[in-house]
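Chains here go by letter, A, B, C and D, matching the order in which they are written, and residues are numbered from 1 within each.
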Amino acid sequence: MLENLKKEVFEANKLLPYYNLVTLTWGNVSALDKEKKLIVIKPSGVDYDEMKPEDMVVVDFDGKVVEGSLKPSSDTPTHIELYKAFKDIGAVVHTHSAWATSWAQSGRSIPCYGTTHADYMYGAVPCARPLTDDEIKENYEKNTGLVIIETFKNMDYNAVPAVLCTNHGPFAWGKTAKKAVENSVVLEEIAKMAYRTERINTDVKEAKQSILDKHYFRKHGKNAYYGQ
Amino acid sequence: MLENLKKEVFEANKLLPYYNLVTLTWGNVSALDKEKKLIVIKPSGVDYDEMKPEDMVVVDFDGKVVEGSLKPSSDTPTHIELYKAFKDIGAVVHTHSAWATSWAQSGRSIPCYGTTHADYMYGAVPCARPLTDDEIKENYEKNTGLVIIETFKNMDYNAVPAVLCTNHGPFAWGKTAKKAVENSVVLEEIAKMAYRTERINTDVKEAKQSILDKHYFRKHGKNAYYGQ
Amino acid sequence: MLENLKKEVFEANKLLPYYNLVTLTWGNVSALDKEKKLIVIKPSGVDYDEMKPEDMVVVDFDGKVVEGSLKPSSDTPTHIELYKAFKDIGAVVHTHSAWATSWAQSGRSIPCYGTTHADYMYGAVPCARPLTDDEIKENYEKNTGLVIIETFKNMDYNAVPAVLCTNHGPFAWGKTAKKAVENSVVLEEIAKMAYRTERINTDVKEAKQSILDKHYFRKHGKNAYYGQ
Amino acid sequence: MLENLKKEVFEANKLLPYYNLVTLTWGNVSALDKEKKLIVIKPSGVDYDEMKPEDMVVVDFDGKVVEGSLKPSSDTPTHIELYKAFKDIGAVVHTHSAWATSWAQSGRSIPCYGTTHADYMYGAVPCARPLTDDEIKENYEKNTGLVIIETFKNMDYNAVPAVLCTNHGPFAWGKTAKKAVENSVVLEEIAKMAYRTERINTDVKEAKQSILDKHYFRKHGKNAYYGQ
């Protein structure tokens, strides 16, 4: 079942090492079949090189394995919460990519310092609050999802398709698996450049609203004019 | 039409990923046919891997597409202004290369700290002033070009063939597309080394004038003696 | 003799350049045959590209070469001490990988700033005390091992399978040669991210105990649920 | 003439891009035929990819081209001075490798912070004093050599086979072209690690003398025991 989606998820997972977003097995991509409410996700702890499309695991919204002989990613409950709350998204990516994870470990949101950021993310990439000890002890992965959702209570998850989890690392999402990976690539690049920007000029200010508006809406929405 | 120039522009665009100057589709090269006053430029948002020479777009100085089935780079109006003002140049490159973009985001010019810089750029690489809200809202890409030209009001664009646009990224230029890409490579390398130089010695001073003179004129002008 | 173990050690040594953990010949992997109390180790100063499985050297616990025409790694006495004291381990890796070595040169332990670290190491990676002049002058390599063991006097070497030697570089270990190399890969990655984390937020605190517990025991021990 | 030496110099020049020590054409290797007092050196400004062994240029100690249809590296007079003063060396390498050049631009010597450094260089890698305006204006390349020699007035060039030229970049040397390139690789690696070491611990001290003695003499001199 869901052979096309499995292939899509498989290929998106292979993009993680291609874009240098993962070390060892530290990352996973899932995608959603919206009609069937089924999620296809990478199996847990399997090497990207040894993985085959048919190894992708199908789970339902309760996390129950519907098809597949392998265990799904241990982060599956986080992915499920995101699909339940963010109705427009079709795919989720989690990695420990080095620059974004360093920001997550530092507990800071990534300010928007320029157009590279504004082209994809309409404002700072937020760092979610730390989980409480109780949230960590029980249902940790589910609570990770809930805290991400809490972070976006007053934000548009379509306009900022990524988040940092304190002491952990980034999640990103998008309409398709490929688009969610692309957002992960962008996040890593802007995390790197924001780090360097703050060192070059310790008094640097965020880019102003007009830059954000121009670049974000040059690429998004009904007045977009970037691309074909 | 302009088949040779299309091939030259195509190949120069392919050099951007080769030299690690671009992520995703974030960069474009154009070149000018001086007699016909026509510009050949990369199509907007197209992957470097999927691009073919015949996909290059031909536009005139008003930005009108003269030949090509794809839309030209959204940065085309910036390129056009540069060709109109900088009479000696034959090609323009724009990227979001990580080191140069970090300097651009910080709003600082890149000081000349050594001979690697002086071999190619006769003095600091300037950071153009931020655009005003009005300049951003209307004709943004054209105004980006105009602010670059303003920056070079009292400078020789041949002697410093690159600029940083605040909150955005670098532009570079040259006689040919290949030479303009080469200047982008140099810019990225000196941006990286200037960053590290300032960290190693927080009191570092710019290289003195005699170093600039010796190295720049070793490679440029009638007394040059570098190369074959 | 020990053909399988030689092959395993050979392949693990080849992983060092694959994972960018070594420059030139700066690293070595050994593994232990527990029954025979014999160690298989890389020959000293031999290029990874020119090395063959049969070049691996077999030594006993006194450092005597039991088989092999080449000299064993000059770090062999350090490996031996670790095998003698750390009864559960089956392999040892030493490199001069750049990030971990920079921490070692700075004389600082690597704090646990997040889950990437906690997934593999249950707490800070300790930096062993500097050797005294006498410890350096006589039996330097053996004393390097003894100081590592001293560092773990009140620590569980299974739970933190790596150490930094002041002014020198890292050692890591594991049940198998492949696992010990994996721990070296992890160490390098967390060394890099800890460096950046401290720069992004100069007031950053270590991850709290509940994070350590959740992530370490998600992957280790009888309640582990990561992987297949 | 000197076909073997030309091949050696050619291959050593090809190692520069292999080890990521050069961007574009920014580096050159030469070697000396001691009996004939002739130097074989890379031609000026030629791409490493297009270069052939027969393109290597033969010059005498006056810098006169004895054989070869191309112009020798513009840095040839620096190489010549080094061969004239440092009697034991057989090869010289100059690059603009990014980490070593950043130290050179900062005007600081690279302190010895650990064993990676001490394995190859017996103490800090010195930064030569800046050239005076007069030294820059006339016979710049020759004076670059003379200032390097001045730097080693009270130092052993065999024990520290590398130098940084202020505002410029590194030179390294050795008995053979391959060994001189190896010293350039080491220099770049220790420059990188020293940079990071100073950031991780702003109060870090240089490695003590006993570390220097142990590691340097483990690899050099009559009591060496590293390698085969």
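Quick note on the criterion: a contact is a pair of C-beta atoms (placed from the backbone, for glycine too) under 8 Å apart; a residue touches a chain by one contact, two chains touch by 3 or more.
Just so we're clear, the structure is a prediction, and the values are computed from it rather than from any experiment.
Contact with chain B and chain C alike is made by A, D.
Annotation, chain B versus chain D: rotation angle of 90 degrees from the Cα superposition, expressed as a multiple of 5.
Mostly differing positions are employed by chain A and chain B in their mutual contact, as under half of the interface residue numbers are shared between these two copies. Chain C and chain D have Cα centroids separated by 33 Å.
Of all residues in chain D, those touching 2 or more other chains are 199, listed in ascending order. Contact between chains, per the stated criterion, is found for A-B, A-C, B-D, C-D.
Contact residues of chain C toward chain D in the complex are 23-24, 26, 43-46, 70-71, 74, 96, 98-99, 101-108, 130, 133, 136-137, 140, 167-169, 195, 198-199.
By the touch criterion stated above, chain D contacts chain C in their complex at residues 113-116, 182, 185-186, 189, 192-194, 196-197, 199-201, 204, 207-208, 210-211, 213-214, 218, 225-228.
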